[in-house]
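Chain nomenclature is as follows: A, B, C, D, E and F, assigned in order of appearance, with residue numbering initiated at 1 for each chain independently.
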Amino acid sequence: MSSIILLLVEDDNNLKNLLEMALQDEGFEVVLANSGKKAIAKLDADGAQFMGLITDIRLGTGPDGWAVGHRAREVFSGIPVVYMSGDSAHEWSANGVPESVMLQKPFVMGQLVTAITTLLNQASSATALVDAMRHDRNTKPKG
Amino acid sequence: MSSIILLLVEDDNNLKNLLEMALQDEGFEVVLANSGKKAIAKLDADGAQFMGLITDIRLGTGPDGWAVGHRAREVFSGIPVVYMSGDSAHEWSANGVPESVMLQKPFVMGQLVTAITTLLNQASSATALVDAMRHDRNTKPKG
Amino acid sequence: MSSIILLLVEDDNNLKNLLEMALQDEGFEVVLANSGKKAIAKLDADGAQFMGLITDIRLGTGPDGWAVGHRAREVFSGIPVVYMSGDSAHEWSANGVPESVMLQKPFVMGQLVTAITTLLNQASSATALVDAMRHDRNTKPKG
Amino acid sequence: MSSIILLLVEDDNNLKNLLEMALQDEGFEVVLANSGKKAIAKLDADGAQFMGLITDIRLGTGPDGWAVGHRAREVFSGIPVVYMSGDSAHEWSANGVPESVMLQKPFVMGQLVTAITTLLNQASSATALVDAMRHDRNTKPKG
Amino acid sequence: MSSIILLLVEDDNNLKNLLEMALQDEGFEVVLANSGKKAIAKLDADGAQFMGLITDIRLGTGPDGWAVGHRAREVFSGIPVVYMSGDSAHEWSANGVPESVMLQKPFVMGQLVTAITTLLNQASSATALVDAMRHDRNTKPKG
Amino acid sequence: MSSIILLLVEDDNNLKNLLEMALQDEGFEVVLANSGKKAIAKLDADGAQFMGLITDIRLGTGPDGWAVGHRAREVFSGIPVVYMSGDSAHEWSANGVPESVMLQKPFVMGQLVTAITTLLNQASSATALVDAMRHDRNTKPKG
């Protein structure tokens, strides 16, 4: 099977490596961005390649994780989004996007894997309905 | 606002009238079919007008409610479906469609109203995502 | 259709009347108990008649609403349970039963109706599966 | 019981009246704002009085419904939010807040009532847990 | 503990081996069928041994995955069902069974594991209620 | 990241070791108790350290798993709870706590991991809202 590419946005190098390895162990292909600016550039250049977004909130100067989440949904409206944060989780209810998951640090890698696979599976069923609708329009004779 | 049209399939005249009145009281427009054959004819002729299907299972001779549910989803893949039955509910797990509701008789009208409005609201959010995807394709410049 | 009987447990006379009328307006038949002791006596005498339980928490002397909820589930394990309370809602996480709803006062009657009809609809689908299992055992030849 | 106050934001006078009546029929108290600016002013002046927000998206000049939703959650993080829109629903996935409902026009009043009562009931259970946590901190002896 | 047996239906040999290994790594016992006909024969011979069904849709000549899903639910009404497909996912809304999961290819093995374990856990709680109901009937004195 | 500590209550030594290893493999830190009495002592001494409870039901003499679950929720109202049982699952509907999971034996370790990580992720989002509410009270000027 071809690959499932996730965009991982994290500016802490140690944590970035741990997360990348855990996701690769699950069979995901991971594209890294260590700032909000670089993440948004990747989304603008070729956002359609990403099947999911996993983003830290505090990302130094420039756009934060909330801004990355909003841009990802503008580029690909149904993309699964998982936020990770230690001290910014309380901003999620006002700044997160619908049907996202807020993971508070600390967490074990299994929580991240369950979060992203659960969202991907829900999107898979929802997209099945979308594909059915497209199929209807292309193949059905006009009443 | 324009109307929300439901297809109601029921061959018991007394129950049909009770259901129709309860749904009209809620502001729905109701199209009636008193057999599976007539229901399928309406779906084939102009299925796109219906925002939801409410169907009894046992419908005398001809197609039963399970067949009507399958045909409705072939015509309009995301249509909300509510089944009503006294003695056929045990067939739902094998013959129902995904994300439908099985109402066992007896029930109060409020249960039917909650069932169909909850499914319509879920479809509304899901369709919002579908519309966003269509919008993306029509308005975005190529990368 | 035959009736759907709810057990309503409330010791405040004014509130009891308001709740009873709202539930009767929806087509439910309501059996009243104004103490935990009387509620448990009704459950022990003929608990199988009740399709749902709606109970206040503080009920004067004798068993409280938590005790009534536990007894109802012992008598009929799948019964929908809605708790109502002003100042005891914080005890729900330790004393409530699984898949119940905790309504905090004040609430509008529409919230109570949505709570009980949603639980009844979920139970209806779940019971459809139970009935299917029973049907399997009774009608299938041994492998 | 005391009242449940909802903030309703709608600039179409006819629709506003229909919505207000439907919500008042359910027993809600309704505070109206016919622009995003007025809605935000009410949230800033006394946001804690509102148990829920129901807002149109397109509101003429000034802040739109997405901005009102964000402000409401900044003021009261757990407030239920229902958006209504005809042509802006496709923006929900990027601009809505978590655990909100997107109602596409046209809809029947029963859909709005189910949407807001379902969110209020979910918030009631969630707040019960919050209250329990507060109770823990205030009443438990240290270690 | 004794084993959890899953029926895996897949006619692509390479994919079949990958799926089998991933499921065995999780501790599942896997029974394989490389056609719809063989899958249905296994369900008819001893369907009660299977705790879950994982099936591809396109299976060469003979019954497809939709037919296998329906037969599985006729034999054991509460069995968890996961469908996998590349190009037939748009048929799920009309041909799938209730409370199933539609996994679109490509997917990572972690998605399949999350899908089947989530369904098994939901079935475990639901079956707990079923067992309680059976227990009621067997052990309680007649009112 | 700092550790996530789970309280595991199991009196069968072989099973206890299997469960402990599976949870440690996921990165959890596990505190063991081989009786209900010891589990409750640990909850009373320092319950706030535990992010989740996993408990068998039958635990020899002394408090059973239901009693441990209730005590855990009294100490920390939002704690995720997973029950495991072979023959006592039918008591869950009357004796379990709200929003818990009932795992019936036999199960694979992946089911336990999915159960606890799913509950932890739900608690993470819910706690994010709680934190937001606390933040509101501490940082906002009076209207």
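Going forward, contacts are C-beta pairs under 8 Å (C-beta built on N, C-alpha and C of every residue); 3 or more make two chains touch, one makes a residue touch a chain.
Computed from a predicted structure; not experimentally measured.
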Intersection of contact partners for chain B and chain F: A, C, D, E
Chain at maximum distance from chain C, centres defined as averaged CA atoms: A
Between A-D and A-F, the pair joined by more C-beta contacts: A-F
Centroid comparison with chain F (C-alpha atoms), farthest chain: B
Fraction-based call for chain F against chain E, same above half, different below: different
Centre-of-Cα separation between chain E and chain C, whole angstrom: 33
Chain B and chain D: spacing of chain centres that average the CA atoms, whole Å: 28
Touching two or more other chains - residues of chain A: 77-78, 90, 92-94, 98, 102, 113-114, 118, 125, 129, 132, 135
Arrangement of touching chains [line / ring / star / complete / other]: other
Pairs of chains, among all present, that meet the touch criterion: A-B, A-D, A-E, A-F, B-C, B-D, B-E, C-D, C-E, C-F, D-F, E-F
Residues of chain C defined as touching chain B within the complex: 1-4, 26-28, 113-114, 117-118, 120-121, 124-125, 127-129, 131-132, 134-135
Chain C-touching residues of chain B, taken from the complex the two chains share: 15, 89-94, 101-111, 113-115, 118
Touching residues (chain side chain E, partner chain B) in the complex: 70, 73-74, 77-78, 90, 92-100, 102
Parts of chain F lying in touch with chain D, wherever the complex brings them together: 45-46, 75-78, 98, 125-126, 129-130, 132-133, 135-136, 143
